[in-house]
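In the two complexes below, chain A is the common chain; its partner is chain B in one and chain C in the other.
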Partner chain A sequence: MWGRFGSLVPIGAQTTQISQQRGMATLKAISIRLKSVKNIQKITQSMKMVSAAKYNRAERELKQTRPIGAGASQFYEKAEVAAPTDVPQRLYIAMSSDRGLCGAIHTSVARLIRNELLKDDKNIKVVCVGDKSRALLGRTFGQNIIFAANEIGRLPPTFLDASLLADAVIASGYKFGSGEIVYNRFKSVVSYSTQTLPVFSLSTVQSAPKLSIYDSLDDEVIQSYIEFSLASLIYYALKEGACSEQSSRMTAMDNASKNATEVIDKLTLAFNRTRQAVITRELIEIISGASAL
Partner chain B sequence: MALRSVSRMLNNRAINQVCKRAYSDEMSFTFAAGNRVFYDAKSVKQVDVPSFSGAFGILPKHVPTIAVLKPGVVSIFENDGSVKKVFVSSGTVTINEDSSVQVLAEEAAPVENLDLAAARDALNKAQSQLNSASSEKAKAEAAIAVEVAEAIVKAAE
Partner chain C sequence: MSAWRAAGLNYINYSNIAAKILRQALKTDVRAEAAKRDSTTVKITKWVDGKPIKNVE
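Up next is the complex of A and B:
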């Protein structure tokens, strides 16, 4: 019994000694940590303000763009153009951007394409718009990427950007039967959904069952029409993507600021407690030192 | 009994009217450009568009077709008789089976907003670019610029 107690004493003495040293160290460590969390909160708060301003603009512009998207895909719906069975080659255009810190915006686009690639990676080629989708898909499916475009998302997308992208897709020379533009459709500030827009090639449109009801068509007109509607669809998808991204970043940064507040509260409490403990211990040391005299 | 038959008659008439409205002399006209939306599924009387196969007018129940716009003026005759003229640089026209019409333009501006002097300047610049262009691609681009600038000058005059 005594023996056991005896052995406990030095351990107790040791731990108090360690915690004393640690008490001083943690005080410093906590204050450093507190300062860095406060800085992070400042950054997330200002990022939120910036993306809120960008979001307002993006949403205003998106309202102007929705009829274009609806109008451009209308012909394919009305003419009942469908993916051909004899041409298995497909094209996926991933609409992401260069910047992160915006929730699952880029991952959800990449995930949809990755699932398709996992099913069949022979007949699918991908065009990555924005660095993020390239980074997400490039590692595992690098050989499926035709080209990647960056410098997307810093400025609001313009029709010229969309035309250049459409031009690059056509100039890449990839022969596909059908394709899809994968983008995030903006629903509200708190929600978006990952959707696709159809893209078709000339031969696919020519074999559409209801094309015969359309009057006076020649290949040149259809080809020009397809090229222009590809540009319009990309433009629309860029706008939707930009708006979803900004709104998602706004929410993400708001959450980050809230979390930082929580961490700051906890750290302040821990800091004050430790400070008090250190003071009390110093007092005890002084008092016990004085009483020993 | 009498009441019921009257109500049935009314119902039939209402259905007839609805049917007529769905298939009749109205078109759902959408006109959107990269910079703004002019009409979104509105009903109008007639639309004149310039296309590569020649300018043509679209009335309700036009035969379905698609066409590519060339630089020029789109005239919209609204239901109240007023005419709106909008300049378009390029784009597409789609006329569907259900008499819905979509005009999608790359860029568009109302004709009254065009500045004739600025348009002439742009035309001169484009022409000098065409003369100094060396490669095939630059030549084609300059030729397009000249075509658009000529159309703007014509529209603004």
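Up next is the complex of A and C:
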């Protein structure tokens, strides 16, 4: 932290003060740095406040959304839908958002997908939700991206957002056997974990071994349900992601404010010490000047 | 095949249209709250051969 702010000192100020002790910046330089760090702290503190408010809302909404996600994924579990071996194509949906400064939220999602892509980049297509995952994956794996969505994370996600995404996945015409939604599951204010939700295509579900436990299913019901459950799962993942993001940003900004306090303390100390040194030097100059008369 | 699917809609479009109509039919005191859920900001950009394609719309 200390070293990072060292570069803010203007070079001119250092060269003119060669006579001074090494490492002792001028009073002016220190006060400029002090001011800038204080401003940074103000910014991080207010960002923390904003994300705390957003987090409260996101958590409240997440509680309401959890049953939707659980319900949608229960179907795949109960029917024992498994990824088909004859269709190797897979789909990964990266749930991130447009905004940074929130810890490793976006990188951990991107890392999980990157690891899969490094194993096999022929049969995997990626959908990037949010600018951050697109920026992280776009450069190296641009070939694998079907579409990217942005303008996410400014407002709390709505079901309409999820519907648009699910619709775009279906409309893209990409024939995948199985897929995964990669998102950050919110655990508590201080922790989240990157997890995946399975999604499957119509043909995969139709060939599931235990589908018969569900009564009166015809193809159209299954197709409608698959479409709807994709939207529900995306909606749930968006909510989890939004909540994790806000809580993570809160923690990150809290840490940033703490670090800024530390830097301010050190700078204040250095400032006072330098000021004292200047006063002492001036006194010595006056006294020795007076005694020379 | 149901009429809406024959018209080229999938279940997501169909249920969203139904939800929209339902929201409009609500009483005024709850309609404003429900209308907040009736918005989306998401923009989708297609990628072909590793490059994003500009949306015409």
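As a convention for this text, the second predicted complex is superposed on the first by the 268 of 293 C-alpha atoms of A that agree within 3 Å, B and C clash if a C-alpha of one lies under 4 Å from a C-alpha of the other, contacts with A are read in each partner's own complex, and residues count from 1 in each chain.
To be clear about the criterion, a contact is a pair of C-beta atoms (placed from the backbone, for glycine too) under 8 Å apart; a residue touches a chain by one contact, two chains touch by 3 or more.
None of these values were measured; they are calculated from a predicted model.
Of the two partner chains placed around the shared chain by superposition, chain B is the only one that A:I213 touches, whereas chain C remains out of contact. Contact with chain B, but none with chain C, is seen for A:Q64 once the two complexes are overlaid on the shared chain.
Once the two complexes are overlaid on the shared chain, A:F75 sits against chain B while remaining clear of chain C. Of the two partner chains, neither chain B nor chain C is touched by A:S193. Once chain A of one complex is fitted onto chain A of the other, the partner contacts of A:Q276 are absent, as it touches neither chain B nor chain C. Of the two partner chains placed by superposition, chain B and chain C are both touched by A:F228.
When both complexes are overlaid on chain A, the residue A:F159 reaches chain B and chain C alike.
Overlap of the chain B and chain C contact sets on chain A: residues 158-159, 163, 224-225, 228, 231. Of all residues in chain A, only 64-65, 67-68, 70-72, 74-75, 78, 158-159, 163, 210, 213-217, 221-222, 224-225, 228-229, 231-232, 235 touch chain B in the complex they form.
Chain A contributes residues 142-143, 145-152, 154-155, 158-161, 163-168, 170, 172, 220, 223-225, 227-228, 230-231 to its touches with chain C in the complex. Partner chain A is touched in their complex by these residues of chain B: 30, 32-37, 40-41, 52-53, 63-68, 90-92, 94, 96-98, 100, 102-104, 106-107.
Residue ranges of chain C in contact with chain A, taken from their complex: 1-2, 5, 10-13, 15-16, 19, 37-47, 49-52.
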